[in-house]
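Next come two complexes, and both contain chain A; in the first it sits with chain B, in the second with chain C.
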Partner chain A sequence: MTRAPDLLVFSLRKLAGAMPLIVGVTLISFLLTVYFGPDPTHALLGKNPTAAEVAQLSAELGRDRSAPAQYLDYLRRLLTLDLGHSMVTGEPVRAMLARTIPVSLLLLLPGFVLGTILALVMAAVAAWYRGGWVDRMISGVSVVGMSLSFVVILIGLQAVFGVWLGWFPVRGWNVTTLPQYLHHVAVPTLAFIVASLGYNTRFFRAVLVAELNSDQVRNARAFGAGPVRLMLVHVIGNSLLPILTRTLFSVPLLVLSGSLLIESHFGIPGVGKITFDAVMSGDQPVLMAVVGLSAVLFVITVTVTDLLCRLVDPRLRQE
Partner chain B sequence: MSTVAGRRVLAQLIRRPLGLLSLGVFAAYALIAVGVWLGWWGSAWFELAGPMWAPPSPEHWLGTNRLGQDILMRAVASTATAFEIAVPVALLSTLIGALAGGAAGYFSHGWLDEFLLWLMGTLDAIPFYLLVVALAFALQGHAWTMHLAMIAVFWTTTARLVRAETQRIRELPYIDAARVSGLAPAQIIGRHILPNTMAILLVQGTLVFIAAIKVEVVLSFLGIGTQDSISWGLMIAEGAQEILIGQYWNFIAASLFLFVLVMAFNLLADQLQDVLDPRSLDARAHRHA
Partner chain C sequence: MRGPTAMPETLLRVSGLTVRLRGNAETALVRGVDLEMSAGEMLGLAGESGSGKTLTGLSMLGLLPPALRLGGTSSIRWLGRELVGSREREWRGLRGRDIALIPQHPMTALNPVSTVGRQLAHLLKTRRGLDRHSARAESIGLLRRLAIAEPEGLLGRYPHELSGGTCQRALIAMALACRPRLIIADEITSALDVTTQATILEQLTLLCRETGTALLLITHDLGLVARSCDRAAVMYCGRIVEQAPVEDLYARPRHPYTAALLAAVPVLDRDVDRPLGTIEGQVPDPAALPLGCAFAPRCAQALARCRTDDPGLSVEADRGYRCFAPLE
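After this line comes the complex of A and B, so read on.
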């Protein structure tokens, strides 16, 4: 068995196959944030610059070169993590990311993990009693959850737990100890769970019901497997591929889309907040880095998902 | 789909309690929106109609906001805004998805297909709100920014589904017959393939409609959505601040208007799916928060 090199070859081939995607994604982020984005030259120079000053800064920013040259330069800077400085605060973008990404992860991870587990449990219960009143109730709750806007959930929970009950802070991120962390993370976590539960439960339920109707499950049942063993080993075990794919694919989306909303609303200094601020103030280097890196993160996620699927499902290993 | 088939779908929908309910709710909202466009009601949403922070009363059913504007009237006017965004976005992204999916499926594994697949993969690879925000950044101040951003993202799911369906239909004998009789690919796709993907298009259209309304709320809430008008998202953004000082009506009114419409459309999409294709898997295996 030459498993390790085999895996290495596989992941390298996957990454090579993802090249067009990386090119596409970085091209779009380049076009949006650099090429078509507002020209920062005048914003940086202040009032009444001379033509020479404009030309000099243009050259410094690289805006006087051809689009392909600018794009290649953009790629090179992304790959070498040479991300420049924020135009607003002057802070190195790399330092900003290093400061904010952990905050976003801490903020979103509990909701993501708990939400996924809870959705799986609800889906398993609904699938087990499919067609019955329990299933219909869970389906009803899911549709209601899907119909609630994330913004409404956020504000509603903030109103209930922050303003009425006063249990949790209404905004900010003043975290140095574990109790403080739990205190601050509670409302965002709850909001995240409520927002994702409906969609996830529905998806998982459909997957589990399809598996429950399969021959192998009927077989296992005939051999006397109890409900818990049947559900955990035979149904969820065999549905790991779609479950894993969906869960992992939502990670990049979650990190940015989720944190953008939660952080800008609660005033939490995560990566979503600096992205939002960068949009509002036209801070090109920050935006450029976030869009480009998140796209690269997505490609990496796709590759990792493929790898994990191969580990989970022996059939995928014999090509 | 012919009008006969369309009428059959409608008849089946109406026979189901949830189908009838969701269609009824949709009709009511559509009426509200049309009424706003025709100036029957809601057109004075910006007028200072009474004292500030008035509680609900016979004159102002849901009270007034911090400027003394009628909250119900603002929520009603926002219905029109929601339709102005959701209808063009749903129609255009479904149309683009159908054409792209049909072309990709018909010429599958050709260069056009490869290109479209690459484009879809690329668009799907950028986190949704980030792409919208980046588009808003690039097109700053443009009136159609929000529409464009949503269409740019929403057509891909429809295109993928239509592509798969087209690949299946393409192998059927009647398509061979059409080809032999000398029809051009565009005619075959337009006249003989896409009409048979109408089930997908209808369900996707409703799903995009929901997504567009929800995304407008988020973007307006963030301050990069609806400008110079009123929308549920803007009301909710106001409400978010007002809740801190104990004023809830703005938030409640906008949230309820939004929730009921989205809920009705979610139910409608489910019912449509059941009527059109009882076997189909859940098409909502998708992402919009």
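After this line comes the complex of A and C, so read on.
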């Protein structure tokens, strides 16, 4: 049994297979922002530049070269993380990301983890008592969570906890200590939990119910397995593929759209906020860095998911 | 100790067992089954699909599907203790401890994400209190007694890597690992090919006899019952129509249905040219059972009375049957 090298070879193969995806996504983002996008030279130079000034800046930005050369240059810079400078503030893009990504992670992680775990627990309870009043109640709550727009949830929670009760801040991110962090992260986390309970609980419940009705679960009961072992080992243990896949695949979406919405709504200086600002101001280097890196993040997510699935299900390990 | 001459202890006494559809008081799938099993006894429960034999077996473990319920007259006594109306916790104390079930579909009955060794070890640790080391040794011993050539290798395998016969042997080992007093074997060989069927059943009955475990063999094949059981009960439409020691039942069936079933058993090593018996007609819908004897519409011996009155139980020495016109 040579398991570790096996997994290494497998992940390298997966990553190699993902190269076309990275090329495709970066090519599209290059075409849209640089090739078809506005020429930033004039915006940067202000009014009445001389021809010499234009030529010099063009050369600095690399815009005097052919499109394929510019694209290859973009790929090279992505790979070496040499991401250039923001056109608006002049700050190195790498420094901007280093500053904002930790904020976004701190902001999103508690809600993501708690939301997923809570959804799984609620789904397990609903599945166990399927058809009963507990199941109907949980399903009812999750339909409500699913039907509410995320923005409505955000505004509602801000209104209740920020304005009405006054417990938590409505805007801003003034965090240096742990209590301050908890204070600021509470409302976004709640919002994530409500949203996650909505769309995850129903999905998890359906997966668990299907497994509960399986032959191996009935047989485990016949051998005297109690509810906890039945649920954890036999039901969840055999439902991990869809659960892992769905949960992990929501990570790239969460990091981009989740942080975009929450951060612009709460005025939190995370990666979503700088992306939003970059879109509004046409800040090409920032945009291209974010798009390129999210393509990479997606590929990594897919690979990690595949790896984990192979780890939890022996049937996938067969060649 | 259960000596050969001592009166065997009664393990299980089922009486008036009725299984109904929930929310439908009319339709009964099992209609008043009476059954008794003593320690170490081998009882074959035979019948066509839909005769209620599997439901009878599942009832004894409290494992009826949620859509079904026991009827009011049902009584299931384990060592004298009434089980009907027990809480789930009490049933759980019985399953995989006093009574073990060997299921019908070996390929899907094992946990797919766990190795055979881990599944066996879990039972040995929790039911018998063995530590890891002795659980492994015991697992290997059990599998070896089931004629597994290389038990050590099998312990590390996952169910999807195994054949149906090997899965079934692993399940039999799991049932034996619990050291139950009764094993319910539900159609355990129907998913296997004929040669495997014979050896697996032989090994199971041998091990049961060795350990003094009682065996309830649920099957549609009276031939299997003849080879391995002491007593046979024949079910038709949710009712036991005849029950007798195996030799008596085969030599002199009293119920016409038993006789018809026996005629339908293919004998491979002789009478190749003899046409196989078939039973005319179809098993009636349990929602629309005929008046009187349920077998009457398909019975060659049926009297006028068979179509109006329900035949009661006629008892004769150590056998019983439900028929107005028994065969001689």
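Here, the second predicted complex is superposed on the first by the 319 of 319 C-alpha atoms of A that agree within 3 Å, B and C clash if a C-alpha of one lies under 4 Å from a C-alpha of the other, contacts with A are read in each partner's own complex, and residues count from 1 in each chain.
The rule we apply is simple: a residue touches a chain if its C-beta (ideal position, glycine included) is under 8 Å from a C-beta of that chain, and two chains touch if they have at least 3 such contacts.
The structure presented is a predicted model; accordingly, all values stated were derived computationally and were not measured.
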After aligning the two structures on chain A, examine chain B and chain C and state clash or fit.
fit
Given the touch rule stated above, what does A:Thr33 touch, chain B (first), chain C (second), both, or neither?
first
Is A:Val151 contacted by the first partner chain B, the second partner chain C, both or neither?
first
Quick one: chain B or chain C, who's touching more of chain A?
B
With both complexes overlaid on chain A, does A:Phe203 touch chain B (first), chain C (second), both or neither?
first
When the two structures are overlaid on chain A, which partner does A:Gly237 contact: first (chain B), second (chain C), both, or neither?
second
Does the superposition put A:Thr305 against chain B (first), chain C (second), both, or neither?
neither
Which partner does A:Asn219 contact after superposing on A: first (chain B), second (chain C), both, neither?
second
Touch check for A:Val170: first (chain B), second (chain C), both, or neither?
first
Once you lay one complex on the other using chain A, what is the shortest C-alpha distance from chain B to chain C, in Å?
19
Across the two complexes, find the residues of chain A that touch chain B and also touch chain C.
none
Show which residues of chain A lie in contact with chain C when the two form their complex.
131, 214-216, 218-226, 233-234, 237-238, 240, 312-315, 318
Which residues, counting only chain C, touch chain A once they are in their complex?
61, 63, 66, 92-97, 100-101, 103, 105, 108-115, 123, 127, 158, 160-161, 171, 174, 178
Listed in rising order, chain A residues that touch chain B in their complex are 20-21, 24-25, 27-29, 31-33, 36-38, 143-144, 146-152, 155-156, 158-159, 163, 170, 195-196, 199, 202-203, 206, 246, 250, 252-253, 255-258, 260-261, 264-265, 275-276, 279-280, 282, 287, 290-291, 294-295, 298-299, 302
Interfacial residue positions of chain B with respect to chain A in the complex
118-119, 121-123, 125-131, 133-140, 214, 217-218, 221-224, 233, 236, 239-240, 243-244, 246, 248, 251, 255, 258-259, 262-263, 266-267, 270, 281-282, 284-287, 289
